[in-house]
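Across the two complexes that follow, subunit A remains constant while its partner is subunit B and subsequently subunit C.
What follows is the complex of A and B.
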């Protein structure tokens, strides 16, 4: 049956159904089903979150000052960004202002995560959706060297170097340990790169893995430890001591200089390896224009990276805040997370119950009452769903909406907003990419556009690291070494009841934590994570979310190897998807895609 | 650097928020509380980090990993896996949030060069993973000390000295924040009446089915 959604998509679930399960496992389990027409084009898409975890389950009754340590453990990747969001929510509730140095250091932590996550995402998770490792083994190292030298002056580019790496990968593959390369649909005609481009990209995959360890050292220096850095309500938990007379373990000049040097190398790596690779790969996929989904119509960012401390105005956010709806790029709406009319979560198609499911609830009024029922057209059983009935409830993810609109969040959303606002540091790089690839602006609204925006943002973040490190150093030299405001640390200084909201722009999109504090303890805690926005099910009006929209109208070269589905879902960075496959007890791949 | 003195990484992996899934982290937490080591021993709560652990693993000449593993054995059973058999076992479990990730960490260490020369996986068969906000089940908690003893026996081969903790620990470590300390974590858990504990739909379904 063919239906038109209010947000303008044509859905038809008559054709053959394909299930991809799980798509990713770390932050939340997720599966996806699509219907194909007779030409293997996706005509219906259904995104199901298969795991529910409400933060209130673990946090109610605990000390608000500790909430960050719990939220840091939700996700295996974005530890710091949840922690930052959490301390901001508590500070907002209690009216705590943080010192300027704390703002700079937090921005450095967050930008480090952006730069690191985008780089790792591109090479480790996403590149192999575009790059064929097996083809790389057949490449001519000389041709690879010529290609590499034609696009970048990165020094590791000799034929001998590429030959060595090729041999290393060959030995690895021959030893039977496919490891990270186990997942590929190698040899699929959907891969378009010539062998030398494949070898270049695989080589840089290894270099990026090696280099990323340098970037995270910044987290260790300012966060005290890694992989779980420390955070603090009121500031940052690292003392600054440039004269080496204060506390042991304080950040001194040597450490500050080390951060500076890591920032320089990060900028160099991203600008000389990541960006040129991205453009080179994209140039072979210019015809693959699918996956735009909501990005040309409805995008949102909460804004982040405040230039000055304690100023929440849109103008002060270096990553722009705003919402675009109905495809009208000429009008950017401001976003207010406190306004009960703006962000609301719906459950008509989610496994929860509201009194009135035609209406949405603001997170502060959030109700999390489970109601696991399957629609009459479900195939399989409750414990083994073969085909979900999307006309009924079909996901553990609620459907958040902004003024009723389904929104895409993430790097592409941020860059579309920055571009639409005409901010030069967003507009100019976008225009340069489009010019270099000889593509129209419409090409931005696609899976590749999302992937390109992430790359541009990686570079942007690396350069902004330099800005905040310089700002921090200047402030310290001017005599200000304050990093924390502990005036309201003692719960005796708090009001009886308080509510707050904290936000960040996580690598994969807008993240909000809403907290209610009563008598010094957490009374309610709700998080709306980026994947809730992008992976949301339908709402009562029938609007589809970003994942579902992005998959529509994409042709599959081979329905048994739906590489195209993974490309688009991975472009959202649903999480570090180490898990696009299911492992059996003996370590062999069981199944990844179930074709029905 | 004196190569006669190898780098030793004692790593706990898992998610402390998911009941027995936190076993590995709780073991290293107890080791950190009871012992100190001379350089070059590192004690690390690896959480559910994947790729971020590659560098730590490459640093190590000797790797000891604690984790909850589905071996298909009776719950609470400790099983040791040594050497090349380790990576194969790291992919064993469907429910785990991180295992495929760590299998990949080992493979990447191999691919990038400098993988550990010696490795031991000390795994416990979990009782329950699907309890968000829950802690170790008694059968699994009882295996923390035997797991530590197994690590000591293995590391004796390399003459690692386990000194009693005295508050002067200079070992490089990343331990859970004090709010996540096992006793604090367990004591502060909201009651089922206050916060609904239903988790994954497979669990919910099993409850529905009785």
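What follows is the complex of A and C.
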């Protein structure tokens, strides 16, 4: 049956149904089903979040100063971003101002995550959608070297170097034990890179794997460990002491120098390896223009990376804030997370129940009662789903909407908003990429546009690391070593009741936490996360979310191999542990599996 | 079909000579308490054995264990994956998806029956017919049981698989349970932590490959080599604890001088882990060195032992006399302080023993 969605997409579920479960190279668990027409073009797409954990209910009754540690464990891939969002929500509720140094260090932590996460996503979660590992064995190392040297002055580029890597891959393949590359879609005509580009990319896959662990040492210095560094309501836990006795027990000159050297190496790796690879790979896929989905019509960002401490105005955010709807890039709407009319979550197609499921609820008033039921047209059984019924409830993800619109969030959304606002540090790199690849602006609204925006943002973040590290040094030099405000550390200083909102722009997009504090304890906690926006199921009006919209109208080269589906889903960098953590208010036990 | 590469071939390829290899085999025999004649047996096994297949499953989790694993500096994770093990299934990094991914599980189960390692990250929800963690349209618990049935041993990565961790914190809404409550007939090596240290993870794997045995475990199932001591036992700030020099408030004089974080809620005195010795991210730092107390993330039920900023003696579980407070009040360097500090340490030791018994009761429940 063919239907038109209110947000302008044509859905037809008459054709052959294809199921991809598990969707791999993502965080968490997800399932995707599509219907193909007779030409193997996707005409209907159904995205299902297949896990939930219930952290919000676990937070009730706990010390708000501990909330960062719980919410940080929502996700270990975007590690730290939930913790930062949480301390911001608590500080907003209690009216706590943080020192400038704490703002700089927090931004450094967040930018470190952006740089690391985007790099790892590109090479280790996304590249195999574009790069044929087995084809790399056919490459001429000399020609590979010439290719690498033509696009970058990165020193590891000799013919001998590429030959060594190629030999290592060859021995690995010859061993017959392909490990993570087993059953890949090698040799598929959907792969377009010549062998030399494949060898270059596989080489950098390994180099990036070795290098990424260096970037996160910044988290280790300021936060003690990575993944899951430590945070503090009121500032940051690491004290600064560059002058006096005891400096070895705090952030001292050696520690600051270590951070500085990691920043330099991160900038170099991203600008000399990641960005040139991204452009080289994209140049072979210019004809693959699919996957735009909502990006050309409805995008949103809360803004992040405040230049000065304690100023939440849009002007102070280095990542832009705003919403674009109906494809009108000339008008950027303001986003207010406190306004009950703006952000609302719906559950008509989610495994939760509301009293009136035709309506959405603002997170302050959020109700989250689980209701795992399948529709009458499900094929299979309750614990053996063969084909899901998307006319009924079909996902553990709720459907958030901004003023009723399904929105795309993430790097592409941020860069489209920055571009539309005419901010030079967003507009100019976008225009340069489009010019270099000889592409029109419309090419931005695609799977590859999303992947390119993430790369540009990785580079942007690395350079902003330098800005904030220099700012931190300048402030210390000016005599300010303060890192924490403890005036309201003691719960006795808090009001009887308070509520607050905290936001960040996580690597995957707009992230918000809403907290209510009563008598020194958490009374209610709600998180609306990037993959809840992008991976949302349909709402009562029938609007589809960003994943589903982006998959539509994409042809598959081979219906048995979901390569193109993975490509587009991966361009969002899905994070399912984040999106599906909501739970019943009481946590009551429902049906239970017998253990013994 | 291509022949599979053996452990010996891998070692040779990495520049280890035949002579060194044989010497290594006889040292291994000695370390295992075997007669020297067994060196030949070990050498033969390594010369003919393919890389050990590893299946890495994910239940309810946050993927921090996988992220930690790829941070390993020695050995580099690229070497682990390309040369030491055969990581045949891990849905975070594997190329294939859907049916092609599921087919790998069948293949490994049959081809390497009884000879592969099962690594589990995350845990098993029992509520909702197990459908709050769905893989391939079925509950995760089914996939786990099938793959566990033919494995040699299970590594429970992190606090989720070992204890339950955050989703099992009160009131544990999904009824998430650790692996040992679901699988009863296989050896389980618990490597707790949220996440565990990267080099501890690769250390456990390389130990098993090198010595072809499970590391010696404590009574809770953790490798003694990494979890045998408390963070407090080897903490570089320990002299400040003994001297009664404490951080009293964030960013105070004591914080800037690197004094002991005990009064800020540090759980180092009751936490068994290698953070203060191995440290994090190739030895760069660990939580205490960067100014925040240990939150005890490798301990069973650490989310439900009171605030991370309560003293360990104030926590709900223990609730006994606050000896160490007296330590802070006293002047540094006196005999009285030393005695009090010793008393505090002894009290903590007694508490820990009680906590250990408590864990065992839980296990039997």
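Going forward, the second predicted complex is superposed on the first by the 560 of 596 C-alpha atoms of A that agree within 3 Å, B and C clash if a C-alpha of one lies under 4 Å from a C-alpha of the other, contacts with A are read in each partner's own complex, and residues count from 1 in each chain.
Keep in mind that, in the parts below, contacts are C-beta pairs under 8 Å (C-beta built on N, C-alpha and C of every residue); 3 or more make two chains touch, one makes a residue touch a chain.
Keep in mind the model is a prediction, meaning the values are calculated, not measured.
Legend: residue contacts after superposition of the two complexes on their common chain; A:20 is shown touching subunit C, with no touch to subunit B.
When both complexes are overlaid on chain A, the residue A:140 reaches neither subunit B nor subunit C.
Of the two partners subunit B and subunit C, it is C that touches the larger number of subunit A residues. Within the superposed three-chain model, A:241 lies in touch with subunit C and out of touch with subunit B [touch as defined at top].
Applying the stated contact rule after C-alpha superposition, one finds that A:369 touches subunit B and leaves subunit C untouched. Contact with neither subunit B nor subunit C is seen for A:264 once the two complexes are overlaid on the shared chain. Contact with subunit C, but none with subunit B, is seen for A:386 once the two complexes are overlaid on the shared chain.
In the superposed model, A:486 lies in contact with subunit C only, and not with subunit B. Comparing which residues of subunit A touch subunit B with which touch subunit C, the overlap comprises 25-26, 29, 50-54, 57-58, 62-63, 66, 69-70, 73-77, 79, 120, 124, 168, 172, 177-180, 206, 209-210, 212-213, 216, 225-228, 230, 370, 372, 382-383, 396, 583, 586-587. Taken together, the subunit B residues at the contact with subunit A in this complex read 15-17, 45-55, 70-72, 87-94, 97-101, 103-104, 106-108, 110-113, 132-133, 173-174, 176-177, 179-180, 188-190, 194-202, 204-206, 208-209.
Touching subunit B in their complex are the following residues of subunit A: 25-26, 29, 50-54, 56-63, 66, 69-70, 72-77, 79, 120, 124, 168-169, 172, 177-180, 206, 209-210, 212-213, 216, 225-228, 230, 351, 368-370, 372, 381-383, 396, 576, 578-579, 581-583, 585-587. The part of subunit C that touches subunit A in the complex is made up of residues 1-5, 13, 50-51, 53, 58, 60-68, 70-73, 76-78, 81-82, 85-88, 90-98, 100-104, 125-139, 141-142, 165-167, 169-177, 181-182, 184, 194-195, 198, 237, 249-251, 255-259, 275, 280-282, 284-292, 295, 297, 303, 307-309.
Taken together, the subunit A residues at the contact with subunit C in this complex read 19-29, 31, 50-55, 57-58, 62-63, 65-66, 69-70, 73-77, 79, 120, 124-125, 128, 133, 168, 171-185, 206, 209-210, 212-213, 216-217, 219-230, 232, 234-241, 244-246, 248-251, 258, 370, 372, 380, 382-386, 396, 481-484, 486, 489, 561-562, 566, 577, 583-584, 586-587, 589-593, 595-596.
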